[in-house]
Each structure stands twice: as structure tokens, then as C-alpha cells.
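In what comes next, chain A is part of two complexes: it sits with chain B in the first one and with chain C in the second one.
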Partner chain A sequence: MTYLAERFKYGRKTKAQIDSIPTSNLLVGDNVWNTDINKEEFWTGEVWVNDDCVVMINNEGASVGTGILMEVDNSSSTTYHTRRADRTNSQYYLGAVYRGGDDGDKIVIACKGLYPVYFRSTVTTTTRGNLCRHSSQPGEVIDEGSKTGGINIIGVIAESYGTMPGDRLVNVFIGSKDIY
Partner chain B sequence: MGFLSKGSYAYGNRSYTDILALTGMSLGDNVFDTTYSYERIYDGDNWVHGNQRSFTTDGGLLDGAVMIASGSNDNRIDFHNGSADSEAIIGIVEDSVNGSVGDVVPLTYHGDVRKCLVTAGASPDDAATGDYVQISTSSNGYGDIGTLAPDIFGNYIDSAATATGERRIIFRHVERF
Partner chain C sequence: MPYISNGQGYTYGVKTLTEIDSITGMVAGETVFCSDNFRKHTYDGDLWMCSDYIKLTNQSGGSLARKDLVVIDTGTAASVTTTTTYGNDLVVGPVAFGGNDGDPVAVVTFGHADVESDSGTVLGSVFMSATTVKKSNPNSLPTSGSFAIAVEDIVSAGPCKSIVKPKIEFF
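Up next, the complex of A and B:
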């Protein structure tokens, strides 16, 4: 049967290794096994993407990084634009950035699955199993502090931290946003 | 040099039953599931489709069980345990061939779930197509018939139980208040 090297052109790599592959070497359709998320990813010609994600154009006016919540930019007259999510615009919510970029770049947003999400600077600890809430700070989340909650819940926290990691990214089981 | 046996699939087209019987797979091998019309990829532990991912379970296994994030270990899953977890459902165990705590099982976290365990009895077994499915407050890891209220995690899409206590649902992670 097939060998790993034949099945995936770039074999098995972490996200950091994948993102370090020189883009000048890549061809549309090239694939790789992402060991961070255990999913196959494909090179679109511009970004690496998997089937949990959508590709949109960053219209925030600034760069956006991994874990930031994003929404459809309904103020833009151009399709496929996205911006940092404001929790008052729940009907436009998309998910969390998996691969970010500068203003105008194509970025990759995870809409479902287990992915890192950016926790607000006021959060000092997280508890696995607690709900994750879209905070009043656009694009950022907080630990709800319980397994019951309400509007603006975007998923379930998967990791406990007694001290937050330096990058403030914590894995969350991302689901549809509770907008009711 | 590896060869593809048919089209772009390492194992070609096979029934779901035949896929589960395969041995000697390598990470990344793929197959077309002709029973359920999925591409499945072998992730090193299980044959998963695009709305699935494998996780280690801290609950003993029930295929079709309704799951939450584990409270014991990071990035693992466990059975829901009643109303306290009413808004923490993350998916349904499906297509699992293992059966013990610590096993790595496939979790369907979006879309069509062929078999969701529901509390045995006339009520959920007879729930109509489109009715809400919510957690069971009497049986850990099971669903029940629901009303428009918190605890909803999907809709029934079949008209009757396929077997006692099994229903097909669409899983979605939105609750109603």
C-alpha cells in the first residue's frame, strides 16, 4: 500500500513546520498531514487550509493573529471580507483564526473542531470543561467559569492552565455561537 | 513505491464493514466508504471522515455516546453526566471499534450523526423527524427528546429508532435559552 511520503507530498509536520515551507516551492493541491490537529491540509495557492476552516480576506485594517475571533464584515462591499468579531454582531460570527495575516491578506478561520483561541489579558486561569465566552474585547474570549452560560458562548475549553501561557492561546472545542 | 488500488484512494471503494476489517494501514491512507459516502482517512488510530477527529476517552466506551470535554485531562473527552453539563456537549462518539477508558475513539463534532444513543423508551424512540434532541438527565452519555430550551444539541432526522435507543441526528452546537 501507499507510503506516507507518497500519500502526503510534505509528509507529516507540525503547523510551525508547515508554515515554514517556502511558498515558492508549493504547488496548488500540495498536501501535508498536520500533526498538531491530526488533519490533512492543502495548499490553495495562497494558504494552507483544512476542512474545518474557511478562507477569508482580512479587512480589519491591521494584522490578526492565531486565535482571534472573526466575523463576516458586512460593511464591506466586497465579498469574503472578515474583521475582528464584536460580540454584539453575533449573527456574523465565523470562528477563530488558525492562520492569520496582515490587512488584505487571505487568512484561515476555524469554524469547528479543536483549535487554539486567544484569551483576554484579564484571564489568569482556565478550567477544562468550562464554557468559553466571547468577551467585550473584540476578538477575545474569557473562561465562563462554569458549564452553564448563555449568549455569546462559542465553545468548550479543553485545557486547564494555572498560569496562562505567554501567547494566551488555549485549545477550545469550537462550535456554533450561541446567539439566543 | 506505493500504488493506489483504485482512483485516488489507497484502499479504493469499500463498504463500511470492510473498512473496519482492514489491517496493516499507514497514517494517511484513505478509502471511499460506499456505505455512507465519505472519504475516510486513517489517522493512526481510526478511519475518520471530515467531521470527525480521534480523541482519548476518559469514559468507558459506548458507540453513539454524547460527549463533553473531560474534566480530568486536557484535550480528552468523557460522557456527559446530566444537566450540569447541559451546555458543554462537543460531539458524539461514532464509528468506534474500541471499548475502554483510555482508548482513542472517533468523535463526530459536526453534521450528520448516524447513531446517537437516546434514553430507551417510547418517547425518544418515537420522536418525530425534526424534533429537538437534548441531553438525558437520567442516563449519562445519552440523548432524549427535547423542547425549545437549554440542553438542545441537535435535531432528529430519521422517523424511528434504528434499534432500541439509537437515532440519527444532525449535531449542532447551539443552545436555546
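Up next, the complex of A and C:
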């Protein structure tokens, strides 16, 4: 008896290569293996998504990029609206943008797993294993400076940097936010 | 007869949850892509499963259906039951694929899911278990026992689109 081995319609690609596939060629359910994060991704009809992520609509009023923390926009009555996360609104927190977009676009937000998160401009170094805290700057994080912490912790830093990368993105193991 | 469509490799192609419910004659290992929650589902011989679900046994004493809220059954291993305790800390999530008492059921622990709200709901509300069995109650401020956040407004009790949130926490 024969069987079909696991296969990916668009093969194995980096995130940049995946995002370059012409969308006019894509069908809902098309799949690809993302070699950056080692996960299968699926075309929803509008965006590529994987099992760590949810799809929302950017209502920030401006574009949002990779790594920005996002929350449900409770000031809106439109389904799926999301905006930059404010740490004072902990109960609305979702996760970090994995695929961003312009205002009104569908965007992909990682709620769990290992993903790049945007560190505030005041951060000069990161230490792997330290907790990562949502800063007072909406959507941006800082190194907690320790492996124990309290409210507004969003994950564990996975990479040490003596000098921050130019894009200010550092991989973080993302979890739910401690809101108590 | 199953088919492979569009070169995508899914046994049953692309379907909504309701359409998946109507599929018959499945064999373990067969797949379908769900356009409601953007997840590939695999039939495990009992249930359609995906990475957002956990499989547990229904010990509620009755049948469970999609959107019914369940909690851990402390009396039986790997089982769920229903509750009338507001904000029950043992909440698992809403049922994705249900079953009769004693059957395995798939429960949503993360991602896009409809929750059966017991009242009108404002976008951004946090869902807790309600005092009405199998229902969820929306709150403006969460306490322990929260399991999902509403992503739409609804004017009265009924299904509400939500994001069920993962419970990985750091201290």
C-alpha cells in the first residue's frame, strides 16, 4: 500500500521568501514550511499563519511591524480590531506581531512560542534567561534584569546581546501576561 | 470518497467547522484545513484534532457540544465536566468537537473560537465560567479563571467570537 508523505505546496522557505510569494497565486489552505521558526504555515486567504498565532485587524491608525506587542482594541466595536498594547490594559493583551501591516490590514500575532519581540530604544543589552517586561512605551519591551518578576512580564528572553541589533528585535519565549 | 484537492495535500480539502462535522467515513490520519480557525485538522480515529485542542473524556453526565464550557473533572483522570461556579479556576475552555458522556471530546485551549456567552458582550471582555451550566460570562476585569477574550460585540446572549488564551505564566 502506498501513502503520501507530508508535503508542502510551497516547499521550505524563510519568512522573507514566504512573504514574497505573489498572493494572487495563493489558495486558502496552501501550506509552506517556515525554516526560520521550523513551523508549518497556512494561507488564510489574506495572511500566512501558524499554530502559535491569531489573526486580527490593525486598528492602530498606523502600520505596525514585527515584534510590537498588541492588544484587543476595546475602544472599537469592530470585530477583531487590535492596537498597540498599553501595559495598563493588561487584560486585553494578545502577543507580539509576527506579520505586520498597515492600518486596516489583517495582521498575525504570536501568542506563544519563540518569536522576535521589539525592545525599547533605551535597552542596550539583553540577557538570555531574564524575564521580558512590557514597558511604559506602548508595544515595546525591556529586559527585566532578573529571572523573577511581577506584573507585565510577557516572556523569557532567549538571546543575549552585548549590543542591540539594529532592528531591535530579540527572540523571546512568549507566554501569557501575568496580570495580577 | 476522500480526495486530495488543489495540490494542498488535505484529504478533505478546505472546510468550515460545520462542514467538517458532516464528513463521514474518516480514517485515522486523514486531514482537512479548517477555514474558521486557520488550522490543519487531523482525524485521530475518534475526533478531528489540531494544535489548539486537547483531548479529554467527557464525564459531565450528559452530552457536550461545540462551545460548551468545560472544567477539569477532579474525580477522574484526563476528564472534563461542566460547572455552575462563576470563575471556576479549573476551566479548560470551550468544546470544539463534542461527544456523549464517557466519550472523548476536543477542547479549545488556544486560538480563535466561538464562546457561548450568557449575556450581551462588549469587545475586550474577558470570559469566565458562568453560573449557568456550559455558558461563559463576560467581565470587564479578569480574575483567576479567565480563559478567553471577546473580539466582537454582541447585543444579547449567544455565540461570541473570542481568542482563547494560552496559560503559560511567569513569576
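What we mean here is this: the second predicted complex is superposed on the first by the 174 of 180 C-alpha atoms of A that agree within 3 Å, B and C clash if a C-alpha of one lies under 4 Å from a C-alpha of the other, contacts with A are read in each partner's own complex, and residues count from 1 in each chain.
In the analysis below, a contact is a pair of C-beta atoms (placed from the backbone, for glycine too) under 8 Å apart; a residue touches a chain by one contact, two chains touch by 3 or more.
Quick caveat: nothing in here was measured; it's all calculated off a predicted structure.
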(request) For A:114, select first, second, both or neither according to whether it touches chain B, chain C, the two together, or no partner. (result) first
(request) Based on the superposed arrangement, let me know which partner A:156 touches: chain B (first), chain C (second), both, or neither? (result) both
(message) Quick one: is A:61 in contact with chain B, with chain C, with both, or with neither? Answer first, second, both or neither.
(response) neither
(request) Based on the superposed arrangement, let me know which partner A:131 touches: chain B (first), chain C (second), both, or neither? (result) both
(request) Based on the superposed arrangement, let me know which partner A:38 touches: chain B (first), chain C (second), both, or neither? (result) first
(request) Could you look at A:145 and tell me whether it touches chain B, chain C, both or neither (first, second, both, neither)? (result) neither
(request) For A:27, decide between first (touching chain B), second (touching chain C), both and neither. (result) second
(request) Could you tell me if A:165 is touching chain B, chain C, both of them or neither one (first, second, both, neither)? (result) neither
(message) On the A-aligned overlay, A:175 touches which partner chain: chain B = first, chain C = second, or both, or neither?
(response) both
(message) Quick check on the output: what are the common chain A residues between the chain B footprint and the chain C footprint?
(response) 4, 6-7, 40, 51, 112, 131, 148-149, 153, 155-156, 175-176, 178-180
(message) Looking at the complex, which residues from chain A come into contact with chain C?
(response) 4, 6-7, 9, 27-31, 40, 42, 44-45, 49, 51, 54-56, 72-74, 76-81, 91-92, 94, 111-112, 131, 148-149, 153, 155-156, 174-176, 178-180
(message) So in the complex, the part of chain A that touches chain B is made up of which residues?
(response) 1-4, 6-8, 12, 33, 37-40, 51, 112-114, 128-129, 131, 147-151, 153, 155-160, 171, 173, 175-180
(request) Going by the contact rule at the top, pick out the chain B residues touching chain A in the complex. (result) 1-5, 10-11, 24-30, 41, 43-44, 50-51, 53-54, 68-71, 73-75, 84-88, 90-91, 109-110, 150, 172-177
(message) Going by the contact rule set out above, which residues of chain C touch chain A in the complex?
(response) 4, 6-10, 13-14, 33, 35, 38-40, 50-52, 110-112, 122-124, 126, 140-142, 144, 146, 149-153, 161, 163, 165-171
